[in-house]
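The same chain A turns up in both complexes below, where it pairs with chain B and then with chain C.
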Partner chain A sequence: MQILTRSIPLFITAVAGVVMILSAFFPYTSDWGKFAGQFFNILAAFAFVLGGGNLLKLHLKKISDQRPGWAYSGVVLVCFIVTLFVGLMKIGAYPNPTYPNVHFSGETQGSGSMFWWFYEYVFKPLTSTMFAMLAFYVASAAFRAFRAKNFEAILLLGTAFIVLLGRTFAGVLATGWIPPDSAFSGLRLENLSVYVMQVFNTAGTRAIMIGIALGIASTSMKIILGIDRSFLGSGD
Partner chain B sequence: MIKLLENLDRRWIFLAMALCVSVPILVIGLTGVTFPETPTPLAEAFFAEVDRAGEANGRQANVLIALDYDPASAGELSPMSASLVNQCAQRGHRMYFISLWPVGPQMIDDSIQKVIKRFYPELVYGKDYVNLGFKAGSEQVIKVMGVDLTAEFRTDVEGTMLSEIPMMEGITSLEDFDLIAEISAGYPGSKEWVLYAATQYDIPLVSGMTGVQAPQNYPYYPTQMQGLLGAIKGAAEYEFIVNAYVRENIVRKMLVKNGIDDETSRTLASDLDQIPTWTTTAAAASMTPQAKADLIDAATGATPGEFLEGQRRMGPQLFAHLLMVLLIILGNVIFFAQRRRGGSA
Partner chain C sequence: MSSSVSEPMTSAQRAIWAIVCLVIVLIVVARSFVGHGMGRVYVEPKPMDFVAEVSESADGESASTVDWKQLPPTEFAAYVAANPGTETISWVEYDQVPPRSYFAQETAGGGPIVFSWPRTIGLWLAAFFTLAIFSFLYRDNPFYKFAESVVVGVSAGYWMVVGFWDTIVPNLLQRLLPAFSKEYLTPGMELPAGGFDMVNLVFLIPLVLGLMLVCRLLPKCGWMSLWPLAFIVGTMAGLRMVSYIESDILVQTKETVIPLYVQGDNTSSTFMLVWTTIWSSLAQILLVIGVLACLVYFFFSVEHKGAVGKTARVGIWYLMITFGAAFGFTVMGRIALLAARVEFLFDDWMWLIDPMQQREFITASVGLLF
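Moving on to the complex of A and B:
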């Protein structure tokens, strides 16, 4: 069984990794990269099925154990199954004009279909609401947690004020009196905000990105060469 | 006072935030007044890159528009998409819509319905724009598209074979596009398009993104990403530039149609304030009264609300940011007061 659980996955990983590296450097091998990429996309499609299966498993278990909040799991499952059914069956979808008599030729999420209705009147308002609620929690956190405890925190606070004000009309109101063509125009809040983002932020982000890239390259080599086997699980 | 602030129920903060956001929305909705925008070089670069797409190859530009976001970020990003499509449609670029996000097709459909169908009904699906829909696989989709686009997309979103779509003729890989314009809310998004498409195949890329993403993408500007729009501020700036461009272009076309020579048309269209005065002079004698009225209307009429969303949303943003600054200051006043009293802060 070790062949199935360890040797074959290691072999596939090594071959796919080497192929992807070669395809990036040698134009002759670009088709190999395409081939490996297509396999990846097939796997990605299967991941949706796995994800769905995992969702069913988790929530069915929660309902069967009657854990606190199990009723919400029931809601999740009903929504999941109904949406899946409506999407797969293309209920209410208009057929493609080229094939008017073939029901399944239509677009699943096309206007007027039930899937579109679910998206437009259920999914869209719910996700927008969830995201909009962040503003309230961020405001509360700003009041309770953003403290000028030391020099670094003061620097962070100053930068936050510049960016918060510079990204709105408040910046123009506060420093609009500085002539835009004068030697001090860089001190206008809207310009300072851009300067903070393009200079200090970029310098810091670049350093982090270079570090991450080196880390990824080294980890990738370890995985391709079979030195790092943690992705196989079970303590390998 | 400090005692009161120390024990402030957070629901008061929630209420203050709700008022800071909702009151400006109502006021702007009722009055239509927005704050003036001064475009930054980033937004100007974004506009210029879209504007000159295809010029290097001397052809009608093929613009790949990737809308990689969902309704949660649509508040920030849909004004960018609307203005982008508006500019491309006005400029006469061919638009190829795709998405790497599962709900991206709805975002594409939204942009098509809101901009193309409403303001450019003359554009033909399959000839001027095409919706290729969503494809699972994140950056791998980009990598495969770099070699063979048809290996990823065999049909459009309606199931029509790509070989039957006229504008897909000659499009085999990413290298056949003159510009990639991407609006992104996270992964996969702008970073993946930079790494696997723009840099590898040397294709110009412009990207609009959420405020959270923008700091991570600044290092790519301007070498690997020629234009960058960050959050609703970037959207408002870009919207402002595109609206001015569209108005100018429409006026110029109307002047040419009414027999005014191209050079004069360009000069006049670049100074729209002159138009009402100019139509009363002898130079406009060849124009009919109706044509003059239409011209004045085009030069001075209200911009459709669909293209003001970004600028309108800067109102709530202003007051929400001011509240945040105020809350941070108040929080620190309490902190220092507690420290002076010797309390544990």
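Moving on to the complex of A and C:
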């Protein structure tokens, strides 16, 4: 069992990782990298199936146990199954005009299909409203957490204000009295915002990106060499 | 802003709920009877008519081919009348039109634009879901929980469907079952010579690995999912290592090694030329100093004392400015989304902002003036 659950997975990881690295350096192996990339996409699609199966398992268990809120699990399952059915069967989707005799030739999300209806009137409003609601929470958290108690906090707050104001009409109006072609035009909020973004923000972001890349490269190397085996769930 | 799920509602909170719901219902009812009303979607039908054109093979032995030709409605009727045995396919597609087109049509005395029940129901449902999600701002409630359950179910189904049609079909089925795919799923695909390319047998590997991944759902076969998981992790490790070294280390380092003196671009006067030169050069110097200072801050192998400590402190200042800018951008993005939802409620649903949907016309007119 140790071979099946440890040795073979570690071997697969090492081979897959080395192939991807080699494919970047040797033209002959570039096709291997392409295949591996396609394999990865296919597996990612299967992972959605795994996710759907897990969702079914979890909510069916909740319904059968009649745990608190089990009715909402019923809503989840109904929505999941209906969306899956109308999407896979392309219910209401128009065929491609070039092949009108082939039902499945049309676009999955073509305007007018039931799947499009679910996306347009259910999925899109729900997800965008959830993200939109974060505006309130970000503002609320900022109001409670942001205090100009030291120099670093003042820098953070000041930059946030400059960036926010520099991209609004109010900010442009506030410093609109500074002539745009004068020596002090850089103090206009819209220009100041650009200067902050191009110089200070770029410098910070660049350093963060280099740091992250170094971390990813070293972690990847540890995984490929089998030093980091945490993804196998062994606690090694 | 919100309270815990387990907390029961007080009578005051119930009263607030009742008042909010009542106000929304009253506004909707009142708006429905003012002007053109609200929340309706109109569509224009577009008939799609096809006739089969059978062409015999050149040698007369192999099977004849059928090509489908789309005809305008008038020609279609005439063609069918002239060729009664012809195989035909027809359906009607609907294009959404702004309400003003419908009102203009009604004023003119009729036309093809019709009211759409499915899209109108969808619009009201979208409005309900938007309000249900926003209701969480006050506290957790059954409307929010219902909307939350819907989004979980629909999202899971949505991504599975997208994964199937956008990944499994073109990357797997088209390769392993080309004839079936061409016949029933993707008729536009090119069949390989001989009907099947043996190289594509290699795609049995991801199929088997994919099935092994799904085995995670079975308690006794859970270990089988480790193999595809190992493949995913290994592939991503190799891919990301190369791409991050290339794009985030080498390219970013190269972009930082830049000339510190930059000639100004404002040549209107000598003063402005010197002034812009100073500012442009200063920007480059500050950029290089910033990257180095931030990297020093991230270098934890050396204790941040003395010169290293002071440099790291400058790095912290730069990072604070970066986080401030990131915060500003996040807030802007969320507020833009919020504005879009509010616009949906007040414009698309309640027809309050621009009931005749003439904003495009007004924007274009203003654009012409300036």
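In the analysis below, the second predicted complex is superposed on the first by the 230 of 236 C-alpha atoms of A that agree within 3 Å, B and C clash if a C-alpha of one lies under 4 Å from a C-alpha of the other, contacts with A are read in each partner's own complex, and residues count from 1 in each chain.
Rule of thumb we're sticking to: a contact is a pair of C-beta atoms (placed from the backbone, for glycine too) under 8 Å apart; a residue touches a chain by one contact, two chains touch by 3 or more.
Note that this is a predicted model, so its numbers are computed, not measured.
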> So, A:Phe169: does it touch chain B (first), chain C (second), both, or neither?
Replying inline: first
>> With both complexes overlaid on chain A, does A:Trp117 touch chain B (first), chain C (second), both or neither?
In response: second
> Residues of chain A touched: more by chain B or chain C?
Replying inline: C
> Given the touch rule stated above, what does A:Met130 touch, chain B (first), chain C (second), both, or neither?
Replying inline: both
> Which partner does A:Phe200 contact after superposing on A: first (chain B), second (chain C), both, neither?
Replying inline: second
> In the superposed arrangement, does A:Ala139 touch chain B (first), chain C (second), both or neither?
Replying inline: both
> Touch check for A:Ile223: first (chain B), second (chain C), both, or neither?
Replying inline: second
> Which partner does A:Ser30 contact after superposing on A: first (chain B), second (chain C), both, neither?
Replying inline: first
> First (chain B), second (chain C), both or neither: which does A:Trp70 touch?
Replying inline: neither
>> Touch test for A:Arg147: chain B only (first), chain C only (second), both, or neither?
In response: first
> Considering each complex separately, which residues of chain A are in contact with chain B in the first and with chain C in the second?
Replying inline: 24, 33, 37-38, 40-41, 44-45, 47-48, 96-99, 105, 111, 119-120, 123-124, 127-128, 130-132, 135-136, 138-140, 142, 157, 160-161, 164, 167, 197-198, 201-202, 205-206, 209
> Touching chain B in the complex: which residues of chain A?
Replying inline: 24, 30-31, 33-34, 37-38, 40-41, 44-45, 47-48, 96-99, 105-107, 109-111, 116, 119-120, 123-124, 127-128, 130-132, 135-136, 138-140, 142-149, 157, 160-161, 164-165, 167-170, 172, 190, 194, 197-198, 201-202, 205-206, 209
>> Considering only the defined contacts, which chain B positions touch chain A in the complex?
In response: 8, 10, 13-14, 16-18, 21, 35-36, 38, 40-42, 70-75, 103, 105-106, 109, 113, 135-138, 140-141, 143-144, 146-148, 151-152, 157-160, 164, 200, 214-216, 218-219, 221, 230-231, 233, 314, 317-318, 320-325, 327-328, 330-332, 335, 345
